[in-house]
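These notes open a run of structures that come right after.
There are two complexes below, and they share chain A, which is joined by chain B in the first and by chain C in the second.
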Partner chain A sequence: MVDLWLLGQATTSGLLLGCIYAVVALGLSLIWGVMEIVNFAHGDFLMLSMYLSYFLFTYLGLDPLVGAILGFLMGLALGLLIEKGLIEKVLGSPPIVTILVTFSILLIIRYGAMAAWGPGVKTLHPWYFMAILDLWGVRISMAYLIGALISLAATIALHIFLTRTYTGIALRATSQNRLAAELLGIDAKKMYTLSFCIGVALVGLAGGILSTFYYVIPEVGGRFCMLSFVIVVLGGFGSLLGTFLGGLIIGVAEEISAIFIPPVMKDVVAFILFLLILMLKPSGLFGEVTR
Partner chain B sequence: MRALEMIKAELSTKAGRIFTAAAIVAVILPLVVRDQFFINAMMLVYMYSIIALAWNLMNGYTGLLSFGHAVFFGIGAYTLMLLLYRGVTPWIGMLLGGLLSAGFAFLLGVPFSRLRSHWFALGTLVLGEIFLIVFANWRAVGGALGLDQPRRFLLSPPSIYWLNYARPTPYYYLALGILGLELLSLYAILNSRPGYFFQAIREDEEAAMASGINVTLYKCISMAISGFFTGVAGGIYTVRFGYIDPYAVFSMMRISVYPVIAGLIGGVYSLIGPIIGSLIFVPTAEYLRAIVGGTLGSRFQGVHFASFGIVLLIISMRIPEGLMGWLEMRGLLKPLMASGGGGDER
Partner chain C sequence: MSSAGRRTLVYAIIAIIVIAAVGGSAYYLMRPRKPKVIKVGAIFPLTGALAEAGKLQKYATEWAVEEINEAGGIKSLGGAKIEVVWGDTECDPSVASSEAVRLITAEKVVCVVGAYMSACTKTVSDSCEKYKTPCLNPLSTSPALTMRGLKWFFRLTGHDALFCKQHWDFIKELNEEKGLGLKTFATMEEDTEWGVKSGEAYIEYGKEAGFEHLIDVRYHRGAASLDSEVAKLKEADPDIVCLTMYTPDAILFVKTMYKLGFHPKIIIAQDVGFVHPSYKKEVGEMGCWIMSREVFNWDLATVSPKIKAKADEYKAKFGVDLEGCAARTYVAWHVLALALEEAGKKADPWKDLDGFRAALRDALENLEVTPEEWAELPWAITTYDGVKFGGLRPGEAGQNIKAWGIIVQMFDDGKYYTVYPEKYATKKAVAPIPW
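Our next item is the complex of A and B:
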């Protein structure tokens, strides 16, 4: 019989972790929704931002959360550069070309980082790294809590941007029907660039948050790429609310399964969940259309 | 038998004669060249060609881009090694490894056929990571340390039954022979009904479905054939190197990405394109690794793999049709094998 306290503990930290996972996956989902492109280098932009936080903390003593904001700005700039320089040139080509271009970017960033900074593991320890908050008997890691709150704020901000501002509504219009949006005078190309920038910037923000409790290595992107993929499929392709809930589900599923099986295998649980969803409800838990 | 006649017709053309000459050169090469590193590199070229051809059956002919062929490769490699411990000859191990891999690929096709282009590719990439995690933590199959071939093979005299030679030449012929068999089988398949169905699915899934093709079934079949040959290639790796570990056989960079780059260099809309691509890419990568690898230490891997990315980026942006497609489009080459691919339609 499993301890109820342990389950509650796992659920709490799973929910907090899930909020952060959701922000990572939101970028992937947004870019897919608007551009119908999957950014394979998604997890590796995350890795770049983690290294940014690491260097800022180690050499300048800047808090990783300040690093997260700089990571967000770096993501905007990097997204603009890559979208304008590479992606825009292959938009409209067969899918294989866009897949290969983003996959090449993955290889260049991931192994470029390994060449530049070596394959070793790096960690950074801000004051809240080991701090624990005791809430009615449930112990919460400060790093998780701060990360989850920032993630939640970012998600709400994105939601407000997409539903309340003119640009956000134009972005959604482009994702629903590009031709109709262009007829209404929306510059679809600009919307593509914007969605790519926001997507990469979100993952830049998440990288800074994750660096407060997760180790930093050049290949760290692989794991988060996998998690985002599973979350997006789970939540229904391109649906923002679905993606967020998908993130929470995966966070909780991973933490709870870690009670029963070795922690290294928890990604396997997420993957099996994904296979089940594909077989039973291929449009995802909250999606409407199959892609 | 129609396929046999078609092959005869192919070989009597000018390009066919070049192909025959190349095949003869490949057969007598080890008798002329004594350089063992070179023979070993050529064996790797054939092994990667087997994977690249199999990969391209999915990518070029069925429209399923895979970044996870290491999964099929690793299943074949592990099956052969585990059967060696039971005293089973590598010949049977290789066949069973291929069949197991094919069976897995077929079953995988059921959920994966629901994923369209981008998501299929991402799904296969993720599958590779999952297999690496599982095998690196699975004690019964050696965990992260992997498996050494049973000790008695090192002690027993080299024989064709156990395939335990030290020099690379026997493995050279093994890989070449299997590559030849694969080329013939794929040619026959692609010029029969399933082959046409694969290409119909690649061109337009909805239209294929509307014409009464069971899209899921034929995607699964394409994956199974691809998985079979990739699994056999995994078996070749095991008998050649006598040692396997999850980081080698489930490696994204060393196994899954090689056929992608080789296929793209050679051209994905031609049957033999991936072989040409392997001929160019694999020796370049191997010699670079041998010459430069030692001097840069662990960071070399980063430089090495990042340069793969640059190569891939340039090809996919500049010449996505590959070398064979490029030659065909300039009229310098007639489609060498009646590939039926997009190369001659565009």
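Our next item is the complex of A and C:
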């Protein structure tokens, strides 16, 4: 008989973590949805933002949530630079070219970080990490709660942007049919740049949130990047709602499975679940089969 | 020429020949001779991810060999000097193995010292076994290394199982001394060979010490979250938690433990993750009162004048603080010199290399340094009780059964202090943890 407290704690932890996984995956989903390129450097943009938060907190005393906002802005700038300088040049090339370009960016950022800041672990301790909400024994750190709420807010804001604003609708139009969108006067190139910038900015935001409770090392991005791919495919490439739900499903599945089976297998459970869903619905939970 | 003149000439010639012969012989006997050298292979991770540790082992090797050679070299071999032939594992077991073969077959070393990472030590010692060359290991701690029935492999440092046994001796003592009422324990370890073997040893020796094992939580190294893992520990509610993990997971564990309000009476860890400088720096006050095994600690210098003298000498020479890696490597070379001295009485390395290697193997096998002798040796700066190769467990061979470590505890000033064994302790262990 599994203890109810344990089940409650695992579910709560899974939901909160899932929200944060979702915000990490959101940018990847957007970039794929509009540009149809798989950004392998996604996790390393996350890592850069985590280091930014770490340094701002350690040397300037700035809260990591302020770091998250600055991470968002850094992401916008970095996204613009990389899209204009590299991605734009290879768009339309065979997929292997864009894969190699983003993979090269991954290597440069990761090993650059290793050379600049060393392989050592860094972590920061904002006061709200230890501010604990105790709900009938189920303990929630405010750092996770704040992170989950920001993640939810970012998803809603992105949804409103894509469905209620002219630019957002133009973005979606470009993702659905580039030629038709261009015939209607939409500058597809600009839309690509915009989606790449927002995608990297979102992962910049996620890095700030993650740094409030997770450690920073040069390889940290790899772990979350893998999860992001699973979440995005699970939810349906390009679907925001799907990505968010995918994050929650993976988070909860990992945490709950760890109480029934040896925790060392919890990643396997997440991947089995992922494959099962794809077998039943190959386009993912909310993905469109067209294209 | 008259006959007297001829006789004088003959005497003169004889005198010249005698003087030349005596002088020549004297010169030959008294000429400044270049001392013979005895080649020893040193295989360390000089490049690759663990090059930092390799550098410290290189420092320690140069330091020890210089001392041995300056003190007259290996006297039984006419004062032969040790010449180190370097090999680089590049942190890759297959490279380590081919380096060992190169040193043994091409460089003709009498013995190989190395190779830090347990995985590299495994392949190096396999090559040494094949070529019947002694392999002396100063630093690898995987218990499996000395369980393979090798005849040419000797490990000087303690291993994880031995350290686990020491942990339980300490906890048992602490429990009785302070009346803590500790009865149960849980284990948590990463899913690597090191983690699994250490976890098994904790369970085996914990049960042997009379404690009840409640739960073993094995997790995937580098997990994105340890929430459910720590929640399982909390639900089991053990008195003692035994941990085996590297630094990133160690930090995540400590944070999760605080987040979930998990408060065991004692937390003890298997070194590495919990004593790394970045752990100490980053974990802050959350890490207080956690204990870990160690092989060397800064405060040993405050209780042992000879350790202080060597630590000061090392710092002056290399500009870095002496730590466990360098200290154990330094000691290994001096132990090897003792064995070379013995082997030199039995065989000649220049005439019969194979015979000398066998004699060196026998010398290592029969070597015994008692605790009393260890206390007197100026180079014996590790916390071993001496040297005696053998086995603590059935099937074990080539393990220094006197290689104990120490147990350290982080106090509220953020520093680790030695709390066990008593002869090295600078503070009394704080238990149970004052949450």
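The rule is simple: the second predicted complex is superposed on the first by the 278 of 291 C-alpha atoms of A that agree within 3 Å, B and C clash if a C-alpha of one lies under 4 Å from a C-alpha of the other, contacts with A are read in each partner's own complex, and residues count from 1 in each chain.
We adopt the following convention: contacts are C-beta pairs under 8 Å (C-beta built on N, C-alpha and C of every residue); 3 or more make two chains touch, one makes a residue touch a chain.
For clarity, every value in this text was computed on a predicted model and none was experimentally measured.
Contacts of A:F45 after superposition: neither chain B nor chain C is touched.
In the superposition on chain A, A:R139 contacts chain C only, with no contact to chain B. Of the two partner chains placed by superposition, A:Y192 touches none, neither chain B nor chain C. In the superposed pair of complexes, A:F224 makes contact with chain C only, with no contact to chain B. Contacts of A:F57 after superposition on the shared chain: neither chain B nor chain C is touched. Look at A:F244: by the touch rule set out above, it reaches neither chain B nor chain C.
By the touch criterion stated above, A:P262 is placed in contact with chain B and with chain C alike.
Across the superposed pair, chain B and chain C both touch chain A at residues 119, 223, 262, 264, 267.
Of all the residues in chain A, the ones that touch chain C in their complex are 3, 5-6, 9-10, 13-14, 17, 21, 119-123, 125, 129-130, 132, 139, 141, 213-215, 217, 223-224, 227, 254-256, 258-259, 262-264, 266-267.
If you check the complex, the residues on chain A that touch chain B are 32, 36-38, 40, 86, 89-90, 93-101, 103-108, 110-116, 118-119, 218, 222-223, 225-226, 229-230, 233, 237, 262, 264-265, 267-268, 271, 275, 278-279, 282, 290-291. By the touch criterion stated above, chain B contacts chain A in their complex at residues 59, 65, 67, 110-112, 114-119, 121-123, 125-127, 129-130, 133-134, 137, 252, 257, 260, 264, 268, 298-306, 308-310, 312-313, 316-317, 320.
Against chain A, the residues of chain C that register as touching in their complex are 49, 191, 217-220, 222-225, 227-229, 231-232, 235, 247-248, 251-252, 255, 258-261, 276-279, 282-284, 286.
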